[in-house]
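First chain A sits with chain B, and in the next complex the same chain sits with chain C.
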Partner chain A sequence: MSAGISLLKRTAVEANTIFQRLDGRVKFLYFIWATVLVYIFYDPYLTLAFLIVTLAMAAYAKVFKPIAMTLLIIIVPWIILGVLILALPFGFPWNKTVIGYINVLGYRLPVYLEGLGWGITWPLRISVAISSALFFYLTTNQAKLVATLFKMKVPFKAIYMIIATFQFIPLLFDEANTIIQAQISRGLKTDVGVLQRIKNYLAVVIPLTISALNKVQTRAITLESRGFSAPVKKTFLYEARLTAADWAFLGIMAAVTVFLAWVYVTIGYSPVAHLQWIWA
Partner chain B sequence: MSEPIIKVENLWYQYPESNFWALRGINLEIRRGELIALIGQNGGGKSTLAKNLNGLYKPTKGRVLVEGMDTKEVPTQEIVKRVGYVFQNPSHQIFESKVYDEVAYGPKNFGLSEDEIAERVEWALSLVGLQGYEDVHPYDLDYGKMKLLTVASVLAMKPDVLVLDEPTTGQDHRGRWILADLSKKLNREGFTIVTITHDMRYVAEVAKRTILIANGQIVMDGPTRKVLTALDILHKAAIKPPQVVQLAHALREKGIDAGDPLTVREALEEFKRLFKK
Partner chain C sequence: MAETKEIEMKEISPTGKAIIAVVLIPTIAALNYVGGVIVEALKAPIWGDTWGTMLGTLIGGFWVGAAGGFLYNIIMAFTMWGLPNWVWGFANVAVALITWFLMKMNLTDLKSLKTWAAVIGLFGFVYPAFTTAISIGVFGGGPLWKPIPAAVYAAVLKSTGNFYLANYLQNVSTEIIDKPISYAIAVIIASRIPKRFILAK
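Take a look at the complex of A and B:
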């Protein structure tokens, strides 16, 4: 089972560290805050620092492994490919500063600073966004997530859609797994070419769609039979409240924001690597 | 006694990303022509064992030999030719828009000629009583017939062993009866049948041998009459025997020996004998 599926299968957070106890809104804000900051700056070192801090928090909260696996699958191949394509003379239009040469298959190719910077910074920015979002998702249990979103004035039906998606996707993966097994039992070959593979999808997608529609219909009936659309104010078992730890975390974020604003104004958008905007 | 068609040797199975052993040291031999019921509580390991029999799951430890082939070494496509698996929910496998195409799907995957496929489809449909439905859309069939269609679609692959996963679940009385009758008929035709079921009446009426599984281990394996009348063992495994067995047991406790009937018909014969006395 892929890392993505096992990630989505995670419906409860077993550990109970300070990060699990933090209010969901604070962690959600951290995700937005970190993502925006790494996009404002254009510096792989600074972005890497954000990534390290996020991963360190994830490790403390015992959710490092699924986040690292996701980054390994999505980001590492991207960096390897991106750097090769952008830093070498394969048509990246803003390449102009040669920082060295490498030999590729007997050809001496120049390595460009602009492509190298762009090729490393972009995947790192995405890494920060993914890891902080997963940090929020994996350390916030669903009851708290619902309460958090409700406090954030998200409409109840929209909250349900988000939660149902988290619950439904793993179910669908289980269902798809059973369907694949059923078709393999009827001789479906999985080690085939692309064309056959597309044809194979039909044998899985059609039963999966029918099964999903049936499940959705059943769920809608059961929800309505328990008053989902009742025109009353909903109450929750868990009440989202900010604690001292939440305020401390927010305080650290505010202090870092002030510091980085000063850095931006006095040093610039690339304070450590000193990169130029590629189109500059 | 015939050679085992399937040999399970010290089979241990653990699902990926799980530390729990779903199967713990299963040893089992299935011989050609047997009609076996696999019973046990939910989560006991019945389906996991069955999926190990046709190569869908590969043993974590130990081995499963199908006609002498180790399922760990031989591709699943080769094993499924010999051990067919009919899944519990018909909608998990039906995807073609005609009954004919649905049944032809398996043989087509084996690369058979059109003539051979047509012959197999006709044969399989006639075995389950669905001749004449070739051009019908599978989802226009009632649930009972959909179930029969899934059986036909696996039969068309002409496996030696047929695993039926909960065949009577969701069936009305008539559907249950048809499937019980079909199991016996297929067994007479030479198929080795392994049925996973919670339906003790089906077990009593159909199975010659019953295997009770609990906590990933075989608790009891023997003739169905012996297993279904071992009330203490069944009770420990949270299995309720058929009502006829319960009735005979209750009568015995009252000092009336009504024998060991498993089915209503057998009970009737016993009562006739008692009344004659």
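Take a look at the complex of A and C:
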């Protein structure tokens, strides 16, 4: 099973920590706030600090493992490839400052600061975005997620679509697994050439799609019979409300924002690493 | 009596296309996702996470395909890929738009050379220009972490020193195979779907 499906099969972790109790809107705001800030600055150290804080909160909320696994799969290979291609003399056009030399297969190659900074900072920015998003997703259960989205004025039909997608993915995945096993038992060979693999793909996705579409009709009837389109005010299992802990968390974010605004104005966009701004 | 019965049937039937679209859109998003996972399981040589968008467009029209594709990207951005990746939702909208255009131009006959020329031209060369703009503007335009595109990127950068061209050709190298195959898969599935599910005119 891929890391992706195991992640999306996972629902929120029901631990009784301050982060699970925080309002979904606050965690969502943290996700947006952290992502925007690491894009405003161009500094791998500052970005790393955001990542460490987010991972520490995730560890406390008992959701560290799935987040760390995702970062290992997506970010680490990206940094390795990015640094190898951009920091070495492979033509990255902004490379100017040599910070050292490495020996590769007997060749002495210069390592450039500009490519190194670029190859590390961009994947780290994405890793902050991923970890803060997963932190929100894995510490907010679906009932709270619905209430949060409703409070954020997301239209009711859009909320249904988002929640339904989360529910459909594991259902469709289980069905795809059953179809793959059924096709293998009927003689489908998986150790074959490229063209045959595409044909194998069709042998799985055609029955999967038709089965999924059959369920569309049934779900539509169910929704209608439960008054989904009825022009009445909807009620929720959980009512989203801000508590003292939420306000405290928001206060810390506000204080950090003020501090970082001061840093940006007085020191600049790369306060620790002192990288030159490169814009493609 | 028969007339009364017919009226009652109309009251409980979910005939409204709007409600079917509401259920179809998350199904399309989930199919995009599960399609990508099946690719991994069967080791097929494509990404496999856009044929759902194309299929949604072929059976539900442009808006159903675009919304399903966009929703897939939003879900992935908010869970696995990270917030900035939500902008790839626009790439899925572009995929739906190209599919809709091909459908309107009757370019769905996979035996026709004209269809393949249009599909390869639009998905293989025009669409990567759009994805290149996103990958440079939002992600810094580095190499992809898959070995073949990364090799193309490094080779073009080394030989020309042109950062933009390296990014564009890297994207061409991934899309020129994936998208036409995904389109063919979507057309084949759409042709086998019972007519009652086809909402698109």
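For the reader, a short list of remarks on this structure follows.
The rule is short, and it goes like this: the second predicted complex is superposed on the first by the 272 of 280 C-alpha atoms of A that agree within 3 Å, B and C clash if a C-alpha of one lies under 4 Å from a C-alpha of the other, contacts with A are read in each partner's own complex, and residues count from 1 in each chain.
What we mean here is this: contacts are C-beta pairs under 8 Å (C-beta built on N, C-alpha and C of every residue); 3 or more make two chains touch, one makes a residue touch a chain.
All figures in this text were calculated on a predicted structure; none of them were measured in a lab.
In the superposed model, A:211 makes contact with chain B only, not with chain C. Once chain A of one complex is fitted onto chain A of the other, the partner contacts of A:185 are limited to chain B, with no touch recorded for chain C.
Judged by the touch definition given at the top, the superposed model places A:219 against chain C, while chain B stays out of reach. When the shared chain is aligned, chain B and chain C each come close enough to touch A:202.
Touched residues of chain A, counted separately for chain B and chain C, are more numerous for C. Common to the chain B and chain C interfaces on chain A are residues 202, 206, 210.
Every residue of chain A that touches chain B in the complex is listed here, in rising order: 1, 6, 175, 178-179, 181-189, 202-203, 206-207, 210-211, 214. Within the complex formed with chain C, the chain A residues making contact are 2, 4-5, 7-8, 31-32, 35, 39, 70, 74, 77-78, 81-82, 85-86, 90-93, 118-119, 121-123, 125-130, 132-134, 136-137, 157, 160-162, 164-166, 168-169, 171-173, 176, 180, 190, 194, 197-198, 200-202, 204-206, 208-210, 212-213, 215-217, 219-221, 223-225, 228-229, 280.
Within the complex formed with chain A, the chain B residues making contact are 16-17, 51, 54, 56, 76-77, 80-81, 84-85, 87, 89, 91-95, 105-110, 139, 153-154, 157.
Those residues of chain C lying in contact with chain A across their complex are 12-14, 16, 18-20, 22-27, 29-31, 33-46, 48, 51, 55, 59, 67, 71-72, 74-75, 77-85, 136-137, 139-145, 150, 153-154, 157-164, 166, 181, 185, 188-189, 192-194, 197.
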